[in-house]
Amino acid sequence: MTQITISQPEVYLRRQLASDDDVIEAMLVSTQGAEVRELWSNEGREGIDGRIRFLMKNRHGTPFEHTYFKFFVKAPIAVFREHHRHRIGWSYNEESGRYKVMKPEFYIPPRERPLVQEGKPGAYVMSPGTDDQYDEMRATMATSFQEQFREYESLLSLGVAKEVALGVLPVYLMSSMYASCNARSMMAFLSLRTDEPEASFPSKPMWEIDQLVARHYELALKAYMPITYKAFCDFGRVAP
Amino acid sequence: MTQITISQPEVYLRRQLASDDDVIEAMLVSTQGAEVRELWSNEGREGIDGRIRFLMKNRHGTPFEHTYFKFFVKAPIAVFREHHRHRIGWSYNEESGRYKVMKPEFYIPPRERPLVQEGKPGAYVMSPGTDDQYDEMRATMATSFQEQFREYESLLSLGVAKEVALGVLPVYLMSSMYASCNARSMMAFLSLRTDEPEASFPSKPMWEIDQLVARHYELALKAYMPITYKAFCDFGRVAP
Amino acid sequence: MTQITISQPEVYLRRQLASDDDVIEAMLVSTQGAEVRELWSNEGREGIDGRIRFLMKNRHGTPFEHTYFKFFVKAPIAVFREHHRHRIGWSYNEESGRYKVMKPEFYIPPRERPLVQEGKPGAYVMSPGTDDQYDEMRATMATSFQEQFREYESLLSLGVAKEVALGVLPVYLMSSMYASCNARSMMAFLSLRTDEPEASFPSKPMWEIDQLVARHYELALKAYMPITYKAFCDFGRVAP
Amino acid sequence: MTQITISQPEVYLRRQLASDDDVIEAMLVSTQGAEVRELWSNEGREGIDGRIRFLMKNRHGTPFEHTYFKFFVKAPIAVFREHHRHRIGWSYNEESGRYKVMKPEFYIPPRERPLVQEGKPGAYVMSPGTDDQYDEMRATMATSFQEQFREYESLLSLGVAKEVALGVLPVYLMSSMYASCNARSMMAFLSLRTDEPEASFPSKPMWEIDQLVARHYELALKAYMPITYKAFCDFGRVAP
């Protein structure tokens, strides 16, 4: 019997071409026209901070689009299901259960994951579970995933096509993808998929997409576009 | 123990506002400008057929966008996973396992579904399985789904949040959604998600998204936009 | 010499399939799954108002997408230039100066149009001009347009292709288009292209696209989706 | 009187992050899942050529999206009007006649531009004009542009706002923009905006957008993604 593996999501910034300067260039073509080319060899620009804050505050979004980030993401199908609903300014290529036999690798929430949902749809809060709840959940899931993968393999060995056999695999199966975006589409993602009480429009995303995916994207934004990132936070995390 | 149900995908055309006339109007504004308004009270237009064939043959796609179809679709998560990768000209709202307890309703392929995959990635064909293969697959899946749902319920009764408990549910769990599109985005979908050997660019979609979803969309296109549909087929099912 | 015409933009709602009920249906599939179909024959739904306000306040945007509006718009090229920058959820087909000889129809701002710009980029206000300023502007434009059209015709009679001759025509030449959208993409347009001081993110659009185009779209939203429209206004005209 | 300048469009590749390897990586995640990371340090990959040709031939488009090109483009408004109709996978920021006084710089077609349109809409061909036709066109345009700019300046000196005064400026006025895209959205642009008789779906774009803009984009694709570019050409210039 193939032994399953329990693992955690991973996010890597694979390539990027993104800076606060890219935003300024795109902004300044509005007011400078072709003279914006004089900026190309000018490293000591002034006023970047104020200009980016102006764009963010007034929701002038297009200058943030002239940037590029590509991530490699390993996460359970349940997370990808939500991720792929972001249609605009995002490109995806994902591991295919039609073309390959899936690996026996599954996600089980770590202990810090709030486990208990209290309240009604649209207004609930998540609270920590007890250690007993966590341990029992972990055991149930591990057993279930082991059994599910066993059934997947038995269907395959029966001669059933991969794309049919996968029907028994659970949404906590790990999958992989490349996801590309720009700073604007990333900020739209962050505004909906991170839980920040002080945001102007607070969201209640699923813990995994927030803590295990979005926060990694956020670090990339902060690292490569620090002024943009600070303005995003200062103005309520509203995507421009 | 909650008894599971095995069911098949369902597609309903819920609302539509789409006709070949809509295409012609949008096309004719190019050459007639504001005089296109004279068409509004003119039921006896001539030349629709040739004009639509011209657009299709030359891949002038935008006139087909001024149309609207809304479908209600019940299908397994595995199908929605592929469906949601169509980003442009599609709108989705889907049942949420975060907000509701999922029903114990699962998909098992019907007997006519080709079961056996032969060949390598990118070049395989699907063949029918034997009755024995089908029966064994069906039994394995039914047992697996029953067990998975039992584990889902046991996690819920343990107090684990719905959005975590769903991790053990398989991708053949049934879900529901509304999906809206226009004739152009629908044709892009059909060109990739139907298996038609005589298409100019043949695709090998998953059987379920082809036979159990796309073919229903195709019927709606044929019913409400018959000239468009015929031209789409005649010119190799290439989305304009 | 062909006499030119001075005219004003026109916006017609050509077709629509949009109601507050469409929003509710799309919203409720999240929590009701396939049982949402029971709503189809149920005219007396309760709680629409509160639900739509909840969606708007929390920026849950997708349920508003399952709606359709198609407009016929006649407006100067200068307005279409801005309009076409709205890429997502908008479809366009416009009169083509490559395929037809343009009509001698031009826009001159009406007397109520604020004429004088005071302040610097990003922070200016528009004030009314004097009657003298307006009259002189009107006379200058009328003369200019008459002369420009004469040159256009002389290029055409010289045998120059329509698509080249149009190079001398001004951006206040009138053009026509069909523009289709959904309630969500329309609200995104309204949030950026209307000047409402009490909006959460006030915009300073060009007067023509605000007063002569966007306000007509807004009336259509108000007429067909009154609850959505009221919630949009009450929550600061932020597109969900 | 301000003297006008006649100039030609300019296209610069400003930044890019694009290679055939990016396509392969995105493709291989389908069949290799997380093991695709082993490619990251592997410079000597085999089989790139065949794989990219497979994707192109079968119109698997998404792997081409994980790439980035940013161009600076100076071109007449008439060209930008067409360019901006490409909505998906394109980002734009353009010089604004609302925020700055436009420079007196205009486009006049060069002598090699076919001038005479023969045939009917949808089926015409463009032929060279005579030297006399060209010279007379050039003189008419130069005179017209000089006069139009004089009227623009007289409106400005009258105190009329920039955004109103621009109404008299012609669509051959030069403007500037940044335009960002990925290899897939660029190929969609090329397939519609270049005139290549041997294309599977030949287009008849306006000469300027083909020769003075699209061909520069094409050179960038060829330089940075030579295998992709060759496959694009070999398979009929159909965007995947």
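We call the chains A, B, C and D, going by the order they appear; numbering starts again at 1 in every chain.
Note that in this section a contact is a pair of C-beta atoms (placed from the backbone, for glycine too) under 8 Å apart; a residue touches a chain by one contact, two chains touch by 3 or more.
It should be emphasised that the depicted structure is a prediction, and the values quoted were computed from it without experimental measurement.
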For chain A and chain B, chains touching each: C, D
Length of the line joining the C-alpha centres of chain C and chain D, rounded to whole Å: 26
Whole-Å separation of chain centres (CA-atom averages), chain B against chain D: 34
Shared interface positions of chain A, touching two or more other chains: 31, 62, 85, 88, 92, 99-100, 121-122
Graph class of chain-chain contacts, one of line, ring, star, complete, other: complete
Chain D-touching residues of chain B, taken from the complex the two chains share: 30-31, 54, 58-59, 62, 85, 88, 121-122, 192, 201, 203, 238
Chain B - residues contacting chain A, complex: 76-78, 80-81, 84-85, 87-88, 90, 92, 98-100, 107-109, 113-117, 121-122, 126, 129, 133, 136-137, 140-141, 143-145, 147-148, 151, 154-155, 158-164, 166-172, 206
Touch list for chain D against partner chain A, complex: 10, 12, 14-17, 22, 25-27, 29-34, 36-37, 40, 62-63, 65-66, 68, 70, 72, 74, 91-96, 99-100, 102-103, 174-178, 180, 182
